[in-house]
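Two complexes, one shared chain (subunit A), two partners (subunit B, subunit C).
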Partner chain A sequence: MPVERSVEAAFAAGLLDPSVSVPVQVKGQTPRRYAVYRNNVTVGLVRALEANFPAIRRLLGEAYFAGLARQFVQDYPPRSPLLFHYGANFPAHLAAQDDLAAYPYLADVARLEQLWRQAYHAADAPTLAPEELAGLDEAAMADLRLTPHPAFALLASPYAVHAIFTANRAAGAAVADPARPEWVMLTRPRFDVIVKPIPKGAHGFFSALASGVTLAEAAEQGFACDDSFDLAAAIRLMVEAGAFQSLSLRATP
Partner chain B sequence: MITTRRVFSAAILASAVTAAVSSLSVAPAAADDGKEKCYGVAMAGKNDCAAGAGTTCAGTSKVDFQGNSWKYVDKGTCTSMMLDGDRKGSLEPLTRDIPA
Partner chain C sequence: MRATRPPQAVQPLRLPIFPTPLKSGAGFKPEHLDAILADSRKVGFFEVHAENYMGEGGAPLAMLERLRADYPIFLHGVAMSIGGEGPLDREHLARFKRLVRRYEPQVVSEHLAWSTHDTAFYNDLLPVPYTRAVLKRVVRHIDEVQHTLGRTLLLENPSTYVTFNDCEMGEIEFIREVARRTGCGLLLDVNNVFVSATNHGFSPESYLADFPLHLVCEIHLAGHATEADDEGKPLLIDAHDRPVSSEVWALYGQVIATLGPTPTLIEWDNDVPEWAVLKAEADAADAILAAHATDAHPDLRHAG
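== the complex of A and B ==
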């Protein structure tokens, strides 16, 4: 290893771990100087989590969130310099906290915040226009498949994640009944991420369509999830929200 | 377990698609949030683009009306905005007011 790299590695090794002694290369200096770097790295990453999970921060309170985030930063240092992606393991970290067992919805709310950021940073792409569907022959319907838009995502939760997310991304009131299931769709047809609660059957239908099956197979999936599935309403919903970017007519994927 | 398998004929699918898109006579509203990127109108440090940690583009413009920084504005208002020194907003990046 070149000298510079070994110095760098030794310097980095102790930044997130207070039990590691000050690297020998900076021993000539006072250890307090190294502590400045330790503090900056930890505070910077905690700030990143605060920016990435504003609803969780509001739900937990600043002090509790900061303590939890400091622990997370040590356990899961970022693997990418793109800090807007940081926190993929944060929902699981929340779910693993015994102290938070009374708030089982937190992990799914954190998942929704993570999906929101992914949708925001997804590639721009055109969305499927209503005319493209309207122009199809009846005979073509059987082989119709759709390609999801890059920003499209779904989340199913046994908790009212959409209501809790919406209330806590702004200064909303507490959600009275968190223990009801919700199904959520995220899209970003242009600049703004749209986070929309959708019916259970529509969730099954979109999730099947996004996996590449035909419209007929996806419709079956929608009814399998929910007897009262409304196919026309779901198609309208996905076109309006920009869930898919293009269609193809292939017998096999 | 007995599962009831519904088979969707092309006719059923076609009528659902027709019902769905006929109620969308105009371009989908959600695809147009009434905003557009407008270049050259933001005051220093007030340009848009905030989403998550480490996104360094928001609030980074160094001078007022920096030509390559943009702000979301209500659609249709960008190029008609009155700015200091006879400047106009633009839907494309501009070369004026670029810091050295």
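== the complex of A and C ==
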């Protein structure tokens, strides 16, 4: 079907590229009419990015964000009709902008927004109940392995990514000291995503646990990250936040 | 949202079965859920865009489950790219099927349009040329959708801003032939008829007189914006961002007078107002439906 192929391909070619002229197959060669589709496509995809990265939009301002988003949409149109996944490489795109070099935290804030959306849409699953740990003796505790909840995620950043995220997902004030490291955990025990700053040691501990090692091995990782790692507090935190869904007591995975 | 969130279902619940709602319904917006559940006067149904409920879990699916307990749900796809030259996205179709199984929608519908070319998803309902070759692939795609879902699909007439040079038939002939070959039903968007008629200079009344109304199982109504075309003449945009225009209400009244009561959706997707405003539009459609309550069309009994 060479004729039909060319109609659709020609129509698609100009949708995101303003330098392409109106497809010859369009009756009357009417640029303003074809422009309705161009505008619908660009505005729709820019809106999808705005919805997915509201903190970045607030940080950059509406006009700057729109310009950047238009360029991104043109370079990387979505490959899936599930637009809540759109923009997986938007954080990297932000990091590559020379004009934004003075704001090196933007990419990690965007990564946190991306993780927030993944957590929001993640599968439903129960979370580990405190009682499941309460009855275990010390040896059983040391050997147990935990399965992360589908919504669980971690982020480590050299910037105050949680503070900046929180301030800009609402109408918060600017964060005075962005250049301090933060470690963040995302969980979603029911429907609300919880984004929580956690100590460095807890980040190392949860990260190891999520990779499937035993609790004892993960604890070592926690201490290796941070001398002041508080194991009991970290266990309490992971249970309260719903980071894991189940435990297994087998000696090896 | 907090007050109205449902408990997570511990086992699959049998969903309520509703008769075909010969009433108006509304496009569901999550921000309206509390107001909807607090409203003592129920609309006939809610319609959702399938793609918004294709995540793995979380609040969107829980909200839809809550709504489904009280209302018939109409599932409206906006991204199947039925008119596209490429094959259907099987993963997308499988996700669509999971939704049909989980929510048992009363009606399943899609558009006569394409939205994906090659690997790019354009998130818009793009126009197809009405040729025999395109007809063949639209028929093939609808056959595949209906076979996979195990459901009759309703196909929606498009609103368009351009036409193509090489058309071999008119829009109605094309749609009629698709329906004849696939056995699909039709979703008549009256605003789309008015938008296309204005943009291409034909009479919406003649279009509706030719349209195979006996296959229509659902109607869409929405507001449109007015811009100017290349010659400065009005170019209507299917914007879904305002009340239904008086011209479209008048056409709708004529359609219902012929067709009898038919499930009618008010679409409002941009600049979404508070629930009461959307509900008032649905009430206006109900008033017209009620005036023709005795003219029930026999084919409507098969809707859904």
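The rule is simple: the second predicted complex is superposed on the first by the 238 of 253 C-alpha atoms of A that agree within 3 Å, B and C clash if a C-alpha of one lies under 4 Å from a C-alpha of the other, contacts with A are read in each partner's own complex, and residues count from 1 in each chain.
Quick note on the criterion: contacts are C-beta pairs under 8 Å (C-beta built on N, C-alpha and C of every residue); 3 or more make two chains touch, one makes a residue touch a chain.
From a predicted model like this one, the values you see are computed outputs, not experimental measurements.
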So in the superposed three-chain picture, is A:M141 touching just subunit B, just subunit C, both, or none of them (first/second/both/neither)?
first
Quick one: classify A:P189 as touching subunit B (first), subunit C (second), both or neither.
first
Considering only the touch criterion stated at the top, classify A:S248 as touching first (subunit B), second (subunit C), both, or neither.
neither
Touching A:A123, do we find subunit B (first), subunit C (second), both, or neither?
second
Would you sort A:Q71 into first (subunit B), second (subunit C), both or neither based on which partner it touches?
neither
Looking at A:A48, would you say it contacts subunit B, subunit C, both, or neither? Reply first, second, both or neither.
both
Is A:L82 contacted by the first partner subunit B, the second partner subunit C, both or neither?
both
Regarding the shared-chain residue A:E240, is it in contact with subunit B (first), subunit C (second), both, or neither?
first
Examine A:A12 and indicate which partner it touches, taking first as subunit B and second as subunit C; both and neither are also allowed.
second
Just which bits of subunit A does subunit B share with subunit C as contact spots?
48, 81-84, 120-121, 190-192
Under the stated contact criterion, what part of subunit A meets subunit B in this complex?
47-52, 81-86, 117, 120-121, 127, 129-131, 133-134, 136, 138-142, 144, 187, 189-192, 194, 215-216, 219-220, 223-224, 231-236, 239-242
Within their complex, state which residues of subunit B touch subunit A.
3, 5-8, 10-24, 27-33, 35, 37, 51-55, 72
With touch defined as at the start, can you tell me which subunit C residues reach subunit A in the complex?
1, 5, 8, 51-52, 54-62, 79, 84-85, 89, 92, 114-124, 126-127, 129, 131, 133-134, 137, 161-166, 199, 227-230, 235, 237
The residues of subunit A that touch subunit C in their complex are 1, 3-5, 7-9, 11-12, 15-16, 24-28, 30-34, 36-37, 40-41, 44-45, 48, 77-84, 120-125, 150-151, 188, 190-192
